[in-house]
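Encoded as structure tokens, the structure appears first; notes follow it.
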Amino acid sequence: MSRIAAFGEVMMRLETPGFQTLSQSGNLAYSFSGSGVNVVSALARFGHEAYLASTLPDNPLGDAALAHLRKLGIQTPFVNRGGRYIGMYFLEHGFGIRPSKVTYTDRLGSSFNTVPNAPGDWERIAAAVDAVHFCGITLAMNELARTQIKQLAREVKSRGGTVIFDCNYRPSLWGEDGYAAAAPHYRDMLELADIVFMNEKDAMLTLGMPSGATDRLAQLQELIPQVAKQYGIAMIAGTHRKVNGDNTHTLAGYLYAEGAFRFAQPSTFSVYDRVGAGDAYASGMIHAWLRGCDPQFAVDYATAAAVLAHTVHGDTPMATEADVVKAMSRAAGDVER
Amino acid sequence: MSRIAAFGEVMMRLETPGFQTLSQSGNLAYSFSGSGVNVVSALARFGHEAYLASTLPDNPLGDAALAHLRKLGIQTPFVNRGGRYIGMYFLEHGFGIRPSKVTYTDRLGSSFNTVPNAPGDWERIAAAVDAVHFCGITLAMNELARTQIKQLAREVKSRGGTVIFDCNYRPSLWGEDGYAAAAPHYRDMLELADIVFMNEKDAMLTLGMPSGATDRLAQLQELIPQVAKQYGIAMIAGTHRKVNGDNTHTLAGYLYAEGAFRFAQPSTFSVYDRVGAGDAYASGMIHAWLRGCDPQFAVDYATAAAVLAHTVHGDTPMATEADVVKAMSRAAGDVER
Amino acid sequence: MSRIAAFGEVMMRLETPGFQTLSQSGNLAYSFSGSGVNVVSALARFGHEAYLASTLPDNPLGDAALAHLRKLGIQTPFVNRGGRYIGMYFLEHGFGIRPSKVTYTDRLGSSFNTVPNAPGDWERIAAAVDAVHFCGITLAMNELARTQIKQLAREVKSRGGTVIFDCNYRPSLWGEDGYAAAAPHYRDMLELADIVFMNEKDAMLTLGMPSGATDRLAQLQELIPQVAKQYGIAMIAGTHRKVNGDNTHTLAGYLYAEGAFRFAQPSTFSVYDRVGAGDAYASGMIHAWLRGCDPQFAVDYATAAAVLAHTVHGDTPMATEADVVKAMSRAAGDVER
Amino acid sequence: MSRIAAFGEVMMRLETPGFQTLSQSGNLAYSFSGSGVNVVSALARFGHEAYLASTLPDNPLGDAALAHLRKLGIQTPFVNRGGRYIGMYFLEHGFGIRPSKVTYTDRLGSSFNTVPNAPGDWERIAAAVDAVHFCGITLAMNELARTQIKQLAREVKSRGGTVIFDCNYRPSLWGEDGYAAAAPHYRDMLELADIVFMNEKDAMLTLGMPSGATDRLAQLQELIPQVAKQYGIAMIAGTHRKVNGDNTHTLAGYLYAEGAFRFAQPSTFSVYDRVGAGDAYASGMIHAWLRGCDPQFAVDYATAAAVLAHTVHGDTPMATEADVVKAMSRAAGDVER
Amino acid sequence: MSRIAAFGEVMMRLETPGFQTLSQSGNLAYSFSGSGVNVVSALARFGHEAYLASTLPDNPLGDAALAHLRKLGIQTPFVNRGGRYIGMYFLEHGFGIRPSKVTYTDRLGSSFNTVPNAPGDWERIAAAVDAVHFCGITLAMNELARTQIKQLAREVKSRGGTVIFDCNYRPSLWGEDGYAAAAPHYRDMLELADIVFMNEKDAMLTLGMPSGATDRLAQLQELIPQVAKQYGIAMIAGTHRKVNGDNTHTLAGYLYAEGAFRFAQPSTFSVYDRVGAGDAYASGMIHAWLRGCDPQFAVDYATAAAVLAHTVHGDTPMATEADVVKAMSRAAGDVER
Amino acid sequence: MSRIAAFGEVMMRLETPGFQTLSQSGNLAYSFSGSGVNVVSALARFGHEAYLASTLPDNPLGDAALAHLRKLGIQTPFVNRGGRYIGMYFLEHGFGIRPSKVTYTDRLGSSFNTVPNAPGDWERIAAAVDAVHFCGITLAMNELARTQIKQLAREVKSRGGTVIFDCNYRPSLWGEDGYAAAAPHYRDMLELADIVFMNEKDAMLTLGMPSGATDRLAQLQELIPQVAKQYGIAMIAGTHRKVNGDNTHTLAGYLYAEGAFRFAQPSTFSVYDRVGAGDAYASGMIHAWLRGCDPQFAVDYATAAAVLAHTVHGDTPMATEADVVKAMSRAAGDVER
């Protein structure tokens, strides 16, 4: 059992039931998630001591979020209370050719993005964990968020802890000329990181690395080793996703470490809830790494964790280690009784 | 932006949740629809000024129906109140091989089918719109409905407006020897109509036109030009639908105008809610025609509108013009955020 | 254990959740009830063999109604299938000063009101039961219903069975000059009946009996003995209800038999669901009579049954004999565990 | 039938079901309201032509809000689209001694509070209506809102229209030293207004008027005539509310016009949903004034409208004129069928 | 119409909505089922007089179960009341690769498994029916259950009735060395049975019969005739099921009687609710046998009944004979109206 | 902030929605509670470090219970996993005169009542907390439960911790001659306890102490000081409850410490959910004691906490210290915004 923290925003997810639009329905189910929440919750379920470092408003919405985090098995001593708002997004589930739609409220005014951490917070967190997870979504927020990410990453690194960074570039958050705006911050994070989640698009678009290849896989195999070398990253991993026309997706995971690639068998599967599946992949990979597993096992485990996450309601993975191992070895099973 | 009205009955749709039967469940969701409702609501969403001409009872069910029409974006100055009942149908959703089932209450006693419009109504409606939509379901009701359809159609035609007629022959509504009973009324409507929705079955069964061909497509190509010529119809359009065994349908749309056929690429897609998809096809075609679009674009747009309507809860299409255009150009997309 | 049948229509009750109006909500809960359904279901729960004689359409709504009747413990060999429709009513629950509202669909077209019973049905029913229950609501329907009520009542009476009639005059069903239209039919039923539920209003308004008294109780005590004598009725019973401003009602029950009145202590109680409480009173009285109970016990038992029916969701009473006896002896209790 | 507009923000109300807290539940029902929405929706139901002037974001939440406004019977040509967010509040229903709790999201970033109206909007609105309604909540927002309120009020006044202002001072919106900050703006509005909703607290706290009386009623009778005289207001009206311990409230309405007070009989009633009841009172008073009703009828009608609003789910009154008139004349009624 | 009883436990099924886990949800839908319940309910729907022999606790859960059985069309005079508990299972629906999970409460303490039937019960049941159905699940319970099964089977057999036994071996119920423990009881039942449901696995694992074949179909064709011969069984039937990766299953039914095999065309279909489909197959086969149908029709009918059962919510089949016959003849249909 | 543990069973509460019976409904809401759960959850909300010592099955129901405990703010390192079942109870909410009904499943087979704690558990728990809470319900279970209660109580006492015991005698759990069976165990617990919750009935019935008084209050004042003296108990507290006929209860709390009684003003209030209110009283008293509050404040605080618990859904109190303090000072408030 390792100790790991994520630093990131807690988002309130509000979704219409079934496949209704916001104009059709009058009801919402809500839960609380976020990239960091999803990753450490999955790791708690895999048996680790998992913390979230974040800030929530001191009102009934913040109380509900905190209760939800505890329910997910996350330790909350590093969740501060202050500010006035929590980030929210509304989700309308698509069907077949009709895509799902996400509508955000104002994230920049949230407690997480407006209330700075107190002096000493970084030291306390870094002292308590072996590794810390960051995500490109937080990096896209504002200067406060960017500054705090880097402060905490440096503190953890300076104490010998592992820094994990998921590039997770969201075009809508960086706006026009976003790649240029994002590049210096992504470079800072890559310098600090030991484990990185990305694929060839991040290398080409955000880091501006040229590729002579035209096919995605060839680009990946050309560029990822360069990134690893240039920034001194121990492990880089990621996925290629294909959205098929019949409510199925195809996912192909990879892992690059110690100069070699490992690939999982691409998997095609029915999708029930797509949001958060990338975090499940990351959590599977981190778990395998924390346990010192064989690289091929790691990429297979992470892929199975990601596939399972598509079959579960909500952003946050719910699979145990036993569930993932079972999913690695077979296609589908009858009722378990 | 054009001005268009539909003349037709507002039906209350009551459906059991999920895939339960009426004997299993104790709950119903209700909404209000109807062929005319669906067509003009879709056209309102595509940016037109859309009216419904109908009659609703002056009781809480009529109030609820009227509120629902307004919510759908339909203008309601031509909705009269009077009579005592609203038509209803109960829907049990099928799954896979198990078909959906519709159970009607007594439609013939509804306000729409028992209360005649007031003198001057036809003139007011015809003066307010550029086009009017009718449907074969209304024609099947009773003499009052049939008389009123023709009165309004003549009034619109006499003022230079466009008359649109969707054949939509429902065997259960016309009873035994239904084709013979229906034929004179269908012929009357075809005489009045500028735009008609039908396929080869309407020509053969209702109009009694013989065909030497055995294959549906050949029959269509033989008979539709004859219908257009005989009745002086500017545009005829329709679809061929195939119900597959795995919760998918295949839809092939066509358009015949100015002596030429245009066909959309047949589309196979997962079906969430099949009711009302034919109205979505009609609304897409009418929209393209009102906008003066290219015929190939028209049939592709109408097909995409119909496909999207299968992915949305309820009888009434919810897609905007942007949604349809996006659906024309690709198979399926990831979450939009 | 006695054997009793009710002859009456099965109604589908469709109600909005909580206190929403039909314009606000989009959901309904449905169940199946009717005066006869309520009475015999309560009697089944009190330990009797209880039958319903009625007609339901041969479609999924009729199937659902039949399943519901069986669930309520009612024997259904005398429920015929035929015709096309089931009577329905929509219920919007009021709150405090805002009254509940009931909106009917067309009852006159229902299977019960359009499909005559087959020859031999009356004999089979009369042979199977000791008593039969009728209600003034059925009498208000149409000539078919009125004819059939009287046929069955005569058949039961001719075989020595007991005829029970609940006056239950509904002004909206008889229309203008309703009392005059109703009077001959009510007189016919009173001639046939052994047990009657009514109060002084029925005597004055429907039967046109004059009273010198001005106070309700005095009118009751003057007129009911006259009715009993004139029509040769063994037992007459009924209630006075007062609707208070704070979601409570006050109910005072009476019983007149063998020349003497018995009164229950008036009871004031919170009301959860008022519909069907009159049927609960009738069922309590019939049960006490079938068991040969003391008249004071009878009126107290019937009142407690009626009070309990106001605390239960739905039209149909759910109390067992033990529940009613417990309710007779105390005001309110803590959780039973 | 008069024509009236309200200028104000549309809020999304999100409420947990039953009496659950946000920490207990995972579900929300949502609707759209606002002081102006409530007032003009009620007036539409009373038979007037009712408009809302507001701004909504151009996203699925704005679409849903607009559909909801139309459903309520509100005309929406003066609802602009722009900006990014809609104001929201979360409602946890209290029970008995436990108060209801409202938690807001960031209203100041909403489309209404950030996107200025276009040149010509005020003229178009003022030309279309006889009266316009404003509320102190909008005045509390920011300089943009305050500027726009006054611009529109002046435009309406300059064309001879009626300006209605509901003081509705919310301490939490004005913050510390709020009364001092609010005073100049309230004085500006009182100068412009013809009809004002307020009571003695507004006079004493916001306007800083001293009173020699100690009892609320005496203070009211001393100060309201002074306000009317000083600002040249034709009619001032308002209520005194008392929250009782048993889920009931007591409401006493008054009206001051033409130098005389009229008082409604104080009413005590069970409360189902308290939010928006003040708007119902205002709408009742405005309706009576638009119809030229007798002052005593006006205050009784407005009180009945307010009482009914406490019995209906949601912020927005649902009563028709007939419902209110019926409620004026009696305490409580049995089921209406 | 034949008369048939099943002897077996009534289980309460409690399931989370949609695809949520018990840790995610806070809501459950409940119903009552059991192998015998499912079989006789289906047979009631096919037109037979169907009884359940079982024992339920005399508390509100037992009342609810009994009401549910009646609703399903099952006759309940042989359902005793006594003991304290009802067996329960919690069902979490899987999706795609994630399997459904069943969690039981303590079945051994249930009324059915602790309260012996009264003397004379077997005689009364055997006298009332033509056939009786038993299931291997009951055989797995305890000595009481096993003793009672055999007593009733002997009583029915001795009166010339038909004994039906569904092997339905559940490994988790028999524990370690379960096959050895089960074998003598299975042999006892096979000696008593006229109709048996099983496949080659039961023959090999439970009965310990060796097979030289390696392929399932060959094993079946080798062993089933041996079983029929050895135990003198008139008809043996069963299915092979394959769980595919895309929410579909493939089912292949067989029937062995009078020395010959009949096979249904294997069917692949989307699965909505898998539990109870084996009972639907059994009920279809029993129905065909009771009606004296042709063997090929029997296996086709049973297969169609099983396929339909996968498309219906709940354990208990809901199809009528007409539904099954329609499903035999086509793949999928459009809406039925 | 103090550290406190409760030792007790976690129960699954399954309740029908609204006021439906189990025979009427098909849905249940579930949550997890228990006397110890309720007390320590409330104390966590009041700011203490709160633990539960219990045992849960290692299956999805146990997982869900554990997640629920964490959500309530309870620390779970002393919750063991093992055994097979969780105790359950079904709750049907009564209304007015109709009492709520609780139906249990077999508690004695639950993990808590069948799996003994491991050696060292008592020491670990006792070392971690300042006080431990026990309840008479656990004492009623079986020898294992009784033995373990006493072991843990002795361990805590021996280390100087505080032992709290809530008598909570449930007649249905102890059966016939229950008082005699319970007496020795209650005496053992009173010997060990520092703080006891009880009233005069426990003294008279369980402890068999005679009283010369006839009135409850006089009996209390006579007997409680004797109990305190005889068993050396520092503080005894409890309540008298009266169930009124109109959905209200009246509660009168008392406290006896240092030779003196303190009484809270009796409080009458509307009841939303009665279960668990006694635990809220206990938690309020323990909190006041842990904080060293004045005795009169303690009894007022505990009473307000209990009253608030009647207004909240579920067994477990949800009030914060601020909520309770606010409830102490006023009757009812308007919406808080």
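First chain written, first letter: the chains are A, B, C, D, E and F, and each begins at residue 1.
The rule is simple: contacts are C-beta pairs under 8 Å (C-beta built on N, C-alpha and C of every residue); 3 or more make two chains touch, one makes a residue touch a chain.
No experiment lies behind these values; they were computed from the predicted model shown.
Taken together, chain B and chain F share the touching chains A, C, D, E. Chain A maps onto chain E through a rotation of 120°, based on Cα atoms and reported in steps of 5.
Taking the mean of C-alpha positions as each chain's centre, the chain lying farthest from the centre of chain C is A. Residues touching across the chain A-chain B interface largely differ between the two copies, under half of the numbers being common to both. Interface repeat of B-D: among A-F, A-E or B-E, over half of the contact pairs recur, by residue number, only in A-F. As a whole-number value, the distance joining the C-alpha centres of chain C and chain E reads 42 Å.
Averaged Cα coordinates give chain C a centre that lies 46 Å from the centre of chain D.
Residue positions of chain A with contacts to 2 or more other chains are 21, 23, 26, 67, 71, 101.
For chain E in complex with chain F, the touching residues are 14, 21-23, 26-31, 59-61, 63-64, 67, 84-85, 88, 90, 92, 101, 103, 105-106, 109. Considering their complex, residues 71, 248, 269-270, 272, 307-308, 310-314, 318-319, 323, 327, 331-337 of chain B touch chain A. Interface residues of chain E facing chain A in the complex, by the touch rule stated above, are 18-21, 23-24, 89, 94-102, 104, 170, 172, 241, 243-247, 274-275. By the touch criterion given at the top, residues 67-68, 70-73 of chain F touch chain A in their complex.
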